[in-house]
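Got a structure for you, questions after.
Per-chain numbering from 1; labels A, B and C assigned in written order.
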Amino acid sequence: MTNGTILPLRLHEVCFGVGSRAIIERISLEIEPGPSTIILGANGAGKSVLMRLMHGLLSPASGRVEWSGSERPGAPRKQAMVFQRPVMLRRSARANVEYALKIAGVPGAKRAPLVREALEGVGLSHLASRPARVLSGGEQQRLALARAWALHPEVLFLDEPTASLDPSATREVEAVIRAFDAAGTKIVMATHNLGQARRLGDEIVFLDRGRLVERTPVEQFFSQPQTAQAAAFIKGELPWTG
Amino acid sequence: MSEAFGTAVQLLAGLDPKLIEIVLLSLRVSITAVVLAALLGFPAGAAIAVGRFPGRRTLIVLLNAFMGLPPVVVGLVIYLLLSRAGPLGSFGILFTPSAMVIAQTVLILPIIAALSRQAIEDAWGEYQEQLRSLGASRLASALTLLWDTRFSLLTTVLAGFGRAAAEVGAVIIVGGNIDGVTRVMTTTIALETSKGDLPLALGLGIILIAIVVAVNAAAYLTKELVQRRYG
Amino acid sequence: MDRMRRLLLLALLAAALPAAAQEKFIVVASTTSTEQSGLFGYLLPIFQKKTGIQVRVVALGTGQALDLARRGDADVVFVHAKSAEEKFLEEGHGVKRFPVMYNDFVLIGPKSDPAKVAGGHDILAALKKIKSAQAPFVSRGDRSGTHIAELALWKAAGIDIEKDKGPWYKDTGQGMGPALNTAAAMNAYILSDRGTWISFKNRGDLVISVEGDKRLFNQYGVMLVNPAKHPSVKKDLGQTFVDWVVSPEGQNAIAGYKIGGEQLFFPNAGTPGA
């Protein structure tokens, strides 16, 4: 029963492209347990692709993506992902969370308490019976968080989770993320929002045009960026690429 | 034309037992065919939508093309199969409602499969990333999508039913239009037309259309009800 | 998965059930004109009441009806084209042919009578006039008994219709009813059996132009399909039907069928050479 931790996640010289266009160029990176990691960069820098490479939705063209330990086949996945736009099934909020548990192989009797706990954790217990698709954007995103978190993953990937939400919904979602972080889940979040990075992150991994350019603790990144690109980005002067 | 309406009303009001027998047989044959076609066609559509295999695109083109299978051709082929002189003759199904069910199932199976494939493939585009992220296998995804697209699939079923209830070419060949045994609405209309009793034929046609409309209305209302509850 | 399989089985059974609901029955291949005359609707209940055998009539053109029997899909044939029936027997598909009854053909035509044949009793003369006048004429063209009779009459009138037909001759490939519909729409001449004509409601401007010529005689024959060649034939039930139809009881029943007080079919099972 090798049920040990799956972290650190190691990326080694990972490349990914579409056609002749390189999107991720030779990124080597280690994601360790503990501090919440923000993947920061302008639109088109390759954040979403990097997230998907780490989560496993994409395979690198070259290089390796390696988790530590090993997942028992059939055991609940230890890493989950929340996307920018949540995709909910045509069923109740509660049923959507339960679906994730069912797919993960959690036996029927054990699901209900886990679902309840997850919905409470994101403050959606009162909407449990509502059809998921009629919930507001912020509520659906919190539901996606509940669904991702119901299995208590070690790592939670979030790809620009509040980019489509208004400020109050953004605040609600950020509160949930902070709570998960406090509960011990490793957070890896992509964003281009400087304020959010500062609010939620412990360390910044900065991407520029598919390359990993800088990696620093959050406060240092904002007060003393080490690269010209980072400095320019912070000043809001980073030019659009491609 | 007005005579036809008058005839239609008279027939309905009189609840002519022969008419009721014909209507019930029509419904039995076409509804059974739709159920069978759905049982076969939905999994096929889902598998093609979600799967990746060589020849997939050719299969999709053929499936779409066969939506337009001419009923007479289907009837003829099924007849040759079920004839005593044919490979399946020993079952003795020819000229019975079962043969009509088989012919109509074959006729509408491509419709059900092709339309469900399209609906599920569209949904797959939307859901794929999320389902894979949750760890769902292709099979689990296909089943999930079948349930999630259920309202589109209902429309697919209605399309199939409409096609089956309206066709005459297939059922008349494999059924033989036998009085009291395999005579359905469409074949009766064909018969009365050929006898020159046009008002009666038209009257029956109006009844047939009314029945199909009623079925569609019932399905729509059911869908609205369920949708309001589950979203 | 298991539930689906059970549902599938149920559905198949539900569809198959009525077929399995075993009444005794036979399949009789006959012609559309015979069925549309209403004879079967009158005759078969009498037979069923007496013997408990349900007769399922598949109505096609004579050629198709005989072909159906050649494939073994019918137990009995009941048609009206003696030469085609005899060929059927020669091929070994039938056991024996019994004459049953006759009705007659009539030449239907427009009231305006462009070929000037109305009221006559000589069908051959009428056909010759129709051809010279090039008056529109609708043919069934479907290898039915009526069609075969029509071709025989053209031949008897000395006309090679295949060679001499022009745009005035409409070969429709239809049953009697649809062909009459076409003739009514075109105001054309057409050869029809009297039975279908009497029940036909969409007459337009058509009336009977020529009748009574002995050459318009339309003889019906009944045959049991040969069980030696087609083992699936229900030979006992089928033979019961054949026997009944030529029996005095059956023959009386046939004579009893009337439309508008008029007898349509004249039983002649006893007539030699019919």
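The rule we apply is simple: a contact is a pair of C-beta atoms (placed from the backbone, for glycine too) under 8 Å apart; a residue touches a chain by one contact, two chains touch by 3 or more.
These numbers were taken from a predicted model, which means no experiment stands behind them.
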Taking each chain's centre as the average of its Cα atoms, which is closest to the average over all protein Cα atoms shown?
B
Taking each chain's centre as the mean of its C-alpha atoms, which one ends up farthest from the centre of chain B?
A
If you tally contacting C-beta pairs for every chain pair, which pair wins?
B-C
For chain A and chain B, let me know how many angstrom lie between their CA-based centres, rounded off.
46
Measuring from the mean C-alpha position of chain B to the mean C-alpha position of chain C, what distance in angstrom results?
33
The distance between the C-alpha centres of chain A and chain C, rounded to whole Å, is 79
By residue number and range, which residues of chain A touch two or more other chains?
none
Got the chain C residues that touch at least 2 other chains?
none
For chain B, which residues count as touching chain A in their complex?
126-127, 129-130, 132-136, 140, 144, 147-148, 150, 229-231
Please output the residues of chain B touching chain C within their complex, sorted ascending.
28-29, 32, 35-36, 39, 43, 83-86, 89-90, 92-98, 101, 176-179, 181, 191, 193-198
Can you tell me which positions in chain C touch chain B when the two form their complex?
4, 7-8, 11-12, 14-16, 18-19, 27, 32, 35-36, 40-41, 54, 56-59, 70-73, 174-178, 180-181, 184, 196, 199-203, 230, 232
Touching chain B in the complex, chain A uses residues 55, 57, 77, 80-81, 83, 86-87, 89-92, 99-100, 103-104, 130-134, 147
